[in-house]
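Shared chain: subunit A. Partners: subunit B in the first complex, subunit C in the second.
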Partner chain A sequence: MRILANPMLRYWLLIAPALLAMAVFYFYPISHVLWMSVTLPEPGVSNFESLAASRSVQRMLWTTLRIAVLSTMISLILAYFVAYVISTVDERRRRLLFMGVVISLWISVLVRAFAWFALLRNDGLINQALIGMGLIDRPLPLMWNEFAVLVGMVHYMLPLAILPLYSGMQSIDPRLVAAARGLGASRMTAFWKIWFPLTLPGVFAASILVFIYSLGFYVTPALLGGGKKMMVAEYIKVQILEVVNWGLGSALATLLLIFVLVTLAIVSRVVDLRKVFGAG
Partner chain B sequence: MEQQSFAQDYAEIMREQSARGISRRAILRSALAMGVAPLALGAGRVFAETRPEVVLVNWGGLSVEVFQKAFADPFNAAGGNLVIDGSGPLNGKILTMVQSNAVTWDICDAGVTTIADLGPKGALEQIDYEIVDKSKVVDGFAYDLGVVNYFFSSVMAWDTSKIEGQPSPADFFDIEKIPGRRMIRKDSQAMLELALLADGVAPADLYPLDVERALAKFESIREHLLFWSSGAESQSLLRDGECVMGFLWSTRANMLKEETEGRIDYTFEKGLLQPGIWVVPKGNPAGKEAFHAIASMQSAAEQIILLEQMGNGPANPAGSDLVPEALKAVNPSDPANTAVQAKVSAEWYFENHTAVYQEFLDRIAS
Partner chain C sequence: MHANPNDQTLSVQGINKRYGTFQALNDVGIDVKRGEFLTLLGPSGSGKTTLLMSVAGFIQPDSGRIMLGAQDITFAAPEKRNFGMVFQGYALFPHLKVRENVAFPLKMRGIRGAAATKSVAEALELVGLADKGERYPRELSGGQQQRVALARAIVFQPHLLLLDEPLSALDTQLRGQLQTELKRLHRAVGLTFIYVTHDQGEALSMSDRIAVMKDGRIVQLGAPSALYNRPANRFVAEFLGVENFLPERLTGRQGLLAVRASALSLAGKAGRISARVSDLDYHGAEIRYTAQTECGLSLRFNLSLRDAAHVPQENENVTLDWQEKDALPFPAA
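Moving on, here comes the complex of A and B:
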């Protein structure tokens, strides 16, 4: 086994099965989609032209971007608190809290959307409770709008934001904050000058994860938006499966892919992505 | 007695299952996985003597059971092999199969828009009217690329606990008179017609559709609209009181009326009668046998079972005479009901559906 003497080759052989699987089941289909976007119905960039010309596509893309940015921001803020608490409480509580986060990650996205439906609809728990207490006399419009979509999406994204934030916070040496306090920094100063900057890689990791997930989100907006908040994933599905306009559908998929890659490229200029995702 | 090997036992199980209607392909696939393909191929010989398997795809839920009882059981008793699959023959799925030469479906439970979207792409077989009997089809519903299998209607339903008396279709667009949310299907088909009928267009003058006028009607109440995608969804939106009125399929409206004991009511008046259509994907595995299955399902008596169980109107004109008195009121294609409805023009959809559906989605439902 002379060949195996070369360490580089050994490593390549180890990852070869995974690479092969990626090539066959991932890169090939994706390149096929890219190819369709410039060949169907006829070769050329006509699909991208119609994307640029269509007001409704632009409105849909704008809805997608707005909802993705908003749910990323809200998820991040809420997750930051949760991760902070988890990383500072004692071991027993930490386990309980952690379990809560992970369990909610395991519950199907459909089940969660329907749970919100039960809470938010006109005859739902929240509206009925508020009416029962005499605070409102007509049900609040909690369902079938952007509010409901955001609630559902933030709920789904929270564990995805909490986990990277927590892993970042856990690796911070608590003595640093203690040292800052010992040197006379106020609580706020110690937080903003020491703790917060050290959590930034986690914040970036969580934002990228949540933002990219949100961009391609389908189930929650489709169910809670009442069919009025169509995001790009649902639009692509309609083009592929219902209208059977594969050219336009794959052009949108291509656009989404490029947008995600460009976002990653820009972020990588600002921070070291390898560090963000735990390497090195 | 000789000891039975695992492989023999496996082949035996497969043979039993094949008798129960599991496809030969599925058997082969699992046999390959088990490394006993040659034995299973032997099991396949049983098949070669019988007729090829016909896979009929519908939309799942209760309809799988009902199609099995109404259509598959009689056909299979007569020596056929019809299998019902509820995985939902979306247009895109059919096209994917045809274009990748991997068609596994023989008959799809579709509509006029399937012919409109897939016909021009060459994804559908011509219906063989040598085998399928045109005289067992209501006049005008036997198309080149599809044939009616049952009738359904799109109708208006409303919540009697929130609306006094029977609202007129025009009230659907009158938020002042009847406040509250309305729901429509997330599809232009039938919704445009219902809007125009409500706006006073006579059924005879409906086609060609004045798309602009219909879309403007919906735009005028757009913020009060909810959109449903599946029949079950339309049912729950009205049942749960999320909407005061809605345009939905008569089958679902009828189920709602029964389960809410009349709280939700509906009318065929100014509704739209539409055909459900069998289409056969190009290059279907069972070949001509698919048309024999379709011909078998033209039996009026079998179609009445669909009406009883799900409210679908029989496609065979002989069916109307067989409908029990009690079911006449819910039969979409009953003469009394067709008289107050408009009929969909498939020809108009063949020409216009793709573009109009896209415009509807862009302007109303996104």
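Moving on, here comes the complex of A and C:
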């Protein structure tokens, strides 16, 4: 047992099981996917060539990027209000609001997508109510389009954006805003010159988190988009499970992975990523 | 708006503020003279900060008025009052450089360019930080941050300067140094200062007048020497550091007699009080004693080692005496 006397070795032994599990169940399959993208059906970059040549792939990637950017922006704006309220109300209300945010985080993404089904369908709650009130005579097309995908995704992303924003706002000394006003700033000026700049690290963290999540999102776009507005994750699934084109599917997965890594690399030049993801 | 805003005196007239059942301010009235250094002194919960925040405009009193000259400012927004304020913990803007922090109130008043640059440089010069303009607040020491907060509060020539326990976060040595600097600054800029503290030493050394507060009221208002020599009641006396309150049976006179530890001395056989030493602390050149009388009264007295013929030890019996000129009579409390 002399070996255990080395403290570094003991730490490594502690994390070894997790490390092993990650290696076997995560890194191995991913490297396998990367490998397939340059070997199937034959070795070479033919998969990437056909990706670059295909109009439908380009359209799909553009849709993915647009939806990811839009849902990030909308989530951030809505989450900013919520985080602001949570960080300014009294302790009792704060706990209640916080519970609300965390509970919605815990509800399965599948359940939430189906809940939107019930609301947005042609004979769903919203259309029935509008028709019942005589505001419209034909149901509005709320389902199976980009609108539905955005609604579902923003709903899912909100807690992910609220939490980093709130943690950033919580660390701001509330006296700073009072000080600004005492020095002659109006409420609005104090907000824009003092509060808002101090929340920017949180805004940045939340944006990265939500954007990366949105890029590879599968369940909500697949269910609420109804196969009409396809994002990259669903397209990969179709390539692999339906068209059985492993090469093209894994090439797209590789592309997605590279895009995320490049985004993180650029971002990490500006901010400390460990802080973004909650360490330190 | 006004020819010379510094001509206006601040007058607080009968303000009340209640939080639930807690009366934070109870019919408080005070006139602040032009250019004076007024200190609000009291323990926590005495209402001193509530009073300051009402003057600053962050708290609205339930009743009463606050006047600046002929103008009623009771409900004016904080940013409309043109008061400088130094917060507890400084409240410097962490994302702005020192220079930008100090320029902030100028910017809010539409003063930019050369005029602003000049004022900022002068204010930083005044607090001795002329070379620190390009630093961020976190790169400065606590004392330096405090000076930046001061510069920021006076750079726009406010009507008056409000200071909320500005030195409480600093260590004793630095605090003494900054007290001296604050006094110098007060003389240099000729502004009216309203200063909140719970530290009696700070209040006594800096103020022109002190308002001692308790339970939302001003219990005594006067010059430091007046308060120190003639405290109006036992609370003020205790708060200003009077240690001993002698009852009638020890003094043979009506009411309580307040005697400081420094005025109570060892007195051979002729002393009027006998007591037994229960505790003694060395403080360099003097020893601070605690002694118990037969009837259980605890007394404090100091002994200067330089002129002590004999140094009593623990459990030793001593006799103590005082001079009438050093004693303060009170009506029975």
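Here is the rule we use: the second predicted complex is superposed on the first by the 254 of 280 C-alpha atoms of A that agree within 3 Å, B and C clash if a C-alpha of one lies under 4 Å from a C-alpha of the other, contacts with A are read in each partner's own complex, and residues count from 1 in each chain.
Methods note: a contact is a pair of C-beta atoms (placed from the backbone, for glycine too) under 8 Å apart; a residue touches a chain by one contact, two chains touch by 3 or more.
The shown structure was predicted, so the numbers you read here are calculated from the model rather than taken from an experiment.
Overlaying the two complexes via subunit A leaves subunit B and subunit C side by side, clear of any clash.
Remark: in the superposition on chain A the angle formed at subunit A by the CA centres of subunit B and subunit C amounts to 150 degrees, rounded in steps of 10. With both structures placed on the common chain, the touch criterion links A:E242 to subunit B but leaves subunit C unconnected. When the two structures are aligned on the shared chain, A:N122 is found in touch with subunit B, with no touch to subunit C. Within the superposed three-chain model, A:L209 lies out of touch with both subunit B and subunit C [touch as defined at top]. Once the two complexes are overlaid on the shared chain, A:A161 sits clear of subunit B and of subunit C alike.
In the superposition on chain A, contact of A:A179 is made with subunit C only, not with subunit B. Put simply, more of the residues of subunit A are touched by B, taking subunit B and subunit C as the two choices. Using the contact criterion defined above for the overlaid structures, shared-chain residue A:M230 touches subunit B, although it does not reach subunit C. Of the two partner chains placed around the shared chain by superposition, neither subunit B nor subunit C is touched by A:I86.
In the superposition on chain A, contact of A:R59 is made with subunit B only, not with subunit C. Superposing the two structures on chain A brings subunit B to within 47 Å of subunit C, judged by their nearest Cα atoms. Overlaid on A, the two complexes show subunit B and subunit C touching no common residue of subunit A. Of all residues in subunit A, those touching subunit B in their complex are 54-57, 59-60, 121-123, 143-144, 222, 226-228, 230, 235, 238, 240-246. Only residues 90-93, 95, 117-118, 121, 181, 186, 225-229, 240-242, 354, 357-358, 361-363, 365-366 of subunit B touch subunit A when the two sit together in their complex. On the subunit C side of its complex with subunit A, the touching residues are 56-58, 77-79, 82-85, 87-89, 91, 93-95, 104-105, 108-109, 152-153, 156, 162. Chain contact summary for the complex, subunit A toward subunit C: residues 173, 175-176, 178-186, 189, 193-194, 197-198.
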